[in-house]
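The same chain A turns up in both complexes below, where it pairs with chain B and then with chain C.
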Partner chain A sequence: MTAGPRHAYKYLWPALALEAAFVFAPLLLSIYYSLHKVRYFELGAMVWFGNYLDVLSHPVFLNSLQVTALFSLSALFFTFLTGFGLAFFLNRDGPMSVLLRTVVLIPYVIAMLVGSMLLKWLFSADAGLIAMANAYFSLTVPTILADPKYAMAALVANAIWRDSAFAMIMLMAGLKSIPPSLIAAARIDGAGWWMTFHRIILPLLKPAMLITMVRLLLHFANVLTFPLILTGGGPNNATDTVALRIFRVGFEDYDLGRANAMAILLCIFNVCAVMLLLAAFRKRGAVA
Partner chain B sequence: MNIRSIIHAPRMPKAALLLAGCTLLPLAAAAQELTMWTFLNPAATSPRDVALKQIIEKFEAKNPGVKIKVENQVWFTLAEKFVMAHRSRSAPDIGWVNGENMGLLVNSNVAEDLGPLITNKWTPSMRKDLVLPQAYEWLKKDGKQHALPIMALSLVLFYRRDLFREAGIDPASVKTWDDYAAAAAKMQVTKNGQVERWGAGLHLSTDKTTMSFGANALMAMQNGQLFGPACKPMLANANGVKALEMQADLIRKHKVASPESFAYTLDDVVDQFIAGKVATVSSGNGRFGNVVQKATWGKELGILPWPSFDKAKPGPQLMSGWFAAVSKDSKQKEAAARFVAFMTGPEGMELWTEPGGQVPLFHSVFEKPQFKDSRYDYLRDLAKLWAQSEVWLPAECNASRTFVDLNTATQRVVLGGEPALKALREAEAATSARQ
Partner chain C sequence: MKPTQVASGVARLAISVLIAAAALLPIVWGLLSSFKTPQDILQTTPRWLPATFTLENYISIFKAGTGGYLFNSILVSTGTVALCLALGSVAGYGLARFQFPGKRAVTVSIIAVMSIPVASLLIPTYTLMAEVALVNTRLGLILVYSAYQLPIVIWIMATYYQTLPEELEWSALIDGYSRAQTLWKIVLPLSRPALIAATLFVLTFAWNDFVVAVTLLSADSVRTLPIGIYNFLGFYGREWGPLLAASMVSIVPLVALFVALQRFFIAGMTGGGVKG
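Right, the complex of A and B next:
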């Protein structure tokens, strides 16, 4: 006797229950709170879309959206590129490659908070390595963290430093899954390095690239630790991301209504960004 | 010998056992355990931790039926956790709240009125004994006493006596902000075009713990006020512009503060002060002992009265501190209030002073012979400064990020080239939205 689809669905229940408890219930609660006035952690009157209108008409939040988009895309581009390069460079399983992979992984295994604090003192023009270089070479390097132009670059550098290792692992897994026989066959047929890369490796690597990009993009759009510790959202709101704004409005201004409205808007931003990525990859035949 | 063997002992009359049980049961029921959330840890060894341990031991010895169970919490989320715990009906009997979060406690209405339980019972002589009577009034809203002060703190200006001596400056001569800028410039050290020590340590980031000089200058010009009636902020006016320009000029005109100040938190600048990279810094006086202990020059640490625009009067001492509240949900309010009264009363205060290193909040404690020693001079000087110029921002107004708003305004002026008044209007709107 063959089990029908109903029987198959039974196996889904544990996963669905977990998803409901840890994803859907908080999401619904967040939507509910976003439609209310919630001051000092106390649920107040229903304001419908008042919090959303308030947030969307506020220049500080609109600036945060811009900052989040700029940071997420820049960090995604450079982190992915670095991870991609590292994955190719360290793909061979020699002792040196294994050692270098371990070295590259160090920033990823350091706690995010500690890593960002480390970079903060590294970038400091008064007391960090930059200050030492300034003194030694008699240079006048600008104050990175206190200059709106450079603070965003510092934030992106933090992302690259920490998350390139993650991109490397994901892409290396993709590379390892490509059958070596395919590459050997291409070589025998006279394909050069570029042709092999372009026609064989890249198309077969696309699913891994998509997963890496989606994961990195979501991480960068929602990360709190980097801006909170490294730049504090400043200077002059140049690195004030939406995640940081949500934290401050919710837990420093005690306005959970507006903070939840921002969280829902950020969730929509995440969904849109992932859909755009999926559409771009679908166009190139990476996903069905 | 276990309990079963006692019960089944042939020679033990069962009636006697029953009698013993009946006598012991009410005693067991009378034993009360009070839970207290605090950032201190009685098992640790810092002066304040030791003081709390001794206070608890002394109280428990005097009240044999009551046990205090301390649940250690992170200081900067303690008040929020205390309030949130009420929403889930899991609040402790006693919670500590810092001054910056008093608006949260008062407006969320989760604390029991300590008036009928403690302060209404005070005699006139006890009221007269208070060092900071304003603090007790500050904690009242609608006639309700929401909390009582455990230890008072203020934002002070730390300086190094040795650097002032080397620069030939008399600390008493630094009265105005111009005097301060000139003194900071004299103490600044530059080598090969690089500043090795800044004269003024500013923390102007958007971190919640920062407090700018500008806020102090503004309060001084407005008789200690930052809020008007109905918690309307008073930032965007001529006084605000003057204060903001003074603060900005320390960086752009006098060049005595690092341009990196816009990225610094209070902790960053205090660390640099300890390392000798900064000559003066504003901080809570609670860090005094820490700086003395950590800095190689620690014994040279001093507190400078805040400069002002008015030569005749120093800037205000913005008061804050740690306060004890009894939960409205507590089932042991009487006992909890008894402990709070002990911890914040003269007996507890004696221990907060020695070994705790805090200013006692009762005159009678300071007058005790053991506190006549010169090592308590710093506490005595601080108490004098408080008496001269203490300022409490209204507890019901949410000022938790007002200093950050002023810092943001300074960033807009210096980095964004915005006019000061426009930047202050934005700061005022941000503070206003939080009320």
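Right, the complex of A and C next:
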């Protein structure tokens, strides 16, 4: 069929224009701003990498890097593990599994803001649940969100509660792509359950596992709603993630120079992670 | 049944109940409590059902402007879905049916934008939107939402088009249809599952989004529902009743839609692959 390049771009240009205007142009403008002193929207003197050096030597930002690393890795570990367990537990197609899949997806589907708010309420002293648990199990858990260690745990719990179902769905899609004939053949050859899992399923599931992990990591490293709503970054900056820091510096201090510098740093991290993702996709042959 | 089978069945059931409880407890607890009186909510020995059933919380939030927030949310969600489907179904066709120079670059950018989390773009987007006077407008929000969600729509549509037999389009072209007519009259009617999946994905994003809206909107008249709820958080403080009621207004319609059409939701999450 005669279908030249000009034809293809006729279909693509409106979409490409929208992306250029609202994704790529902001990024370029952001780089420009990040090289200047900016105060309340007034573009000041060009300071080259001054904002970056400033940010990277600021103890509050360094703390937020540490917090983000701790949160992202813990959340990734537990969420992936829970999702992995759920994927295998609910993989069989029965009415029970289908129903339960729907149920665990509900925390993922609803607004993050609402989910985090409901958890904030449950973790607060107001709901009375903690007080009741303390009395019942004779514990002395204090107000969870006021204790640095518990607050971080609560943040991770929020991640597990919302995103395990996402990991489950991604991994189940991977499991579905394994030809059943392979597993049947292994069974005929006398492979037991563990052998089949270890030698057939796990190696074939690897690309799906990698994609799931990278997408979860990207999500956790950037998530703003969890800390903003659940803990507000406190107590004592114990849950002050990079995303939250950017939000505060940008929209509360209106220091757009530094905020843009931080956003660009976060973007560089994201681009690296996305490159890893693309490599994983290519391995699976999903990208032509 | 053998005793071991019974035992494993019981264990399975017990685990299932536990999982369901963990997922739903905060939501069901919130729903039930949204009908409670303030004193009832703050009781230290919690009870499931409201002692006195009241709609007080719901009346309170609608008096505080929730109707307007709902209207804005519906407007912005509908606008975003319309724009995404219009541009995405056409761009997806270009990607699925043509070979052209730069195709690889286009594909890679689509996946990249699909994967980059919104949060890292907030400050840059805000910086730009302030320059072009699109902050505090619903149109600005629709454009930004569409830019974020269009790549996944293109992806869903393109992968679906590739599963359709191209012969159908050839015969239509031979019969004198133009490419545009073929897309409109032959391809799109066959792509309903992909269109539904894309609609739900975009709708959920636009309905739920909080971080983009909170940075771009500050005027009360243009606020969407999540921003309304966020402001209630400061306004009502420890008065949880109205907060829970507002939360339920946001999630109940969505959960109903999700339960009814969940297989389409899942297609969007895994990035395409809708079965007809």
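Definition applied: the second predicted complex is superposed on the first by the 235 of 288 C-alpha atoms of A that agree within 3 Å, B and C clash if a C-alpha of one lies under 4 Å from a C-alpha of the other, contacts with A are read in each partner's own complex, and residues count from 1 in each chain.
We adopt the following convention: a contact is a pair of C-beta atoms (placed from the backbone, for glycine too) under 8 Å apart; a residue touches a chain by one contact, two chains touch by 3 or more.
For clarity, every value in this text was computed on a predicted model and none was experimentally measured.
Chemist: Give one of first, second, both or neither to describe whether A:F281 is in contact with chain B, with chain C, with both, or with none.
Modeler: In the superposed model, A:F281 contacts chain C only, not chain B.
Chemist: Who does A:A75 touch here: chain B (first), chain C (second), both, or neither?
Modeler: neither
Chemist: Touching A:L171, do we find chain B (first), chain C (second), both, or neither?
Modeler: neither
Chemist: Name the contact category of A:M213: first (chain B only), second (chain C only), both, or neither.
Modeler: neither
Chemist: Is A:I246 in contact with chain B, with chain C, with both, or with neither (first, second, both, neither)?
Modeler: In the superposed model, A:I246 contacts chain C only, not chain B.
Chemist: Is it chain B or chain C that touches the larger share of residues in chain A?
Modeler: C
Chemist: Is A:F41 touching anything from chain B or chain C once the two structures are fitted on A? First, second, both or neither.
Modeler: It touches chain B and chain C both.
Chemist: A:S30 in the overlay: touching chain B, chain C, both, or neither? Say first, second, both or neither.
Modeler: second
Chemist: Which of the two partners, first being chain B and second being chain C, lies in contact with A:L145: first, second, both, or neither?
Modeler: Touch status of A:L145: first partner only.
Chemist: Is A:G233 contacted by the first partner chain B, the second partner chain C, both or neither?
Modeler: A:G233: touches chain B, not chain C.
Chemist: Where on chain A do the contacts from chain B and from chain C line up?
Modeler: In the superposed arrangement, which is not itself an observed complex, chain A uses residues 41, 126-127, 131, 251 for both chain B and chain C.
Chemist: Which residues of chain A touch chain B in the complex?
Modeler: Touch residues, chain A against chain B: 39-42, 60, 120, 124-127, 131, 134-135, 138, 140, 143, 145-148, 151, 231-237, 240, 248, 251-255.
Chemist: Report the residues of chain A in contact with chain C in the complex, numbered from low to high.
Modeler: The contact residues of chain A facing chain C are 1, 3-5, 7-12, 14-16, 18-19, 21-23, 25-27, 29-30, 33, 41, 86, 89, 96, 100-107, 109-115, 117-119, 121-122, 126-129, 131-132, 161, 165-166, 169-170, 173, 215, 218-219, 221-225, 229, 243, 246-247, 250-251, 256, 259-260, 262-263, 266-267, 270-271, 273-274, 277-278, 281, 287-288.
Chemist: Mind listing the chain B positions that touch chain A in their complex?
Modeler: Its residues touching chain A are 77, 80, 83-84, 87, 104, 107-108, 191-195, 198, 205-208, 258-263, 265, 272, 275, 277, 398, 400-401, 408, 411-412, 415-416, 430, 433-434.
Chemist: Enumerate the contact residues on chain C facing chain A in the complex.
Modeler: Per the touch definition, chain C meets chain A at residues 15-16, 19-20, 22-27, 29-30, 41-46, 87-88, 90-91, 93-95, 97-104, 106-109, 111-113, 115-128, 130-131, 143-144, 146-148, 150-151, 154, 170, 173, 179, 204, 207-211, 215, 226, 229-230, 233, 238, 240, 243-244, 247, 250-251, 254-255, 258-259, 262, 265-266, 269-270, 273.
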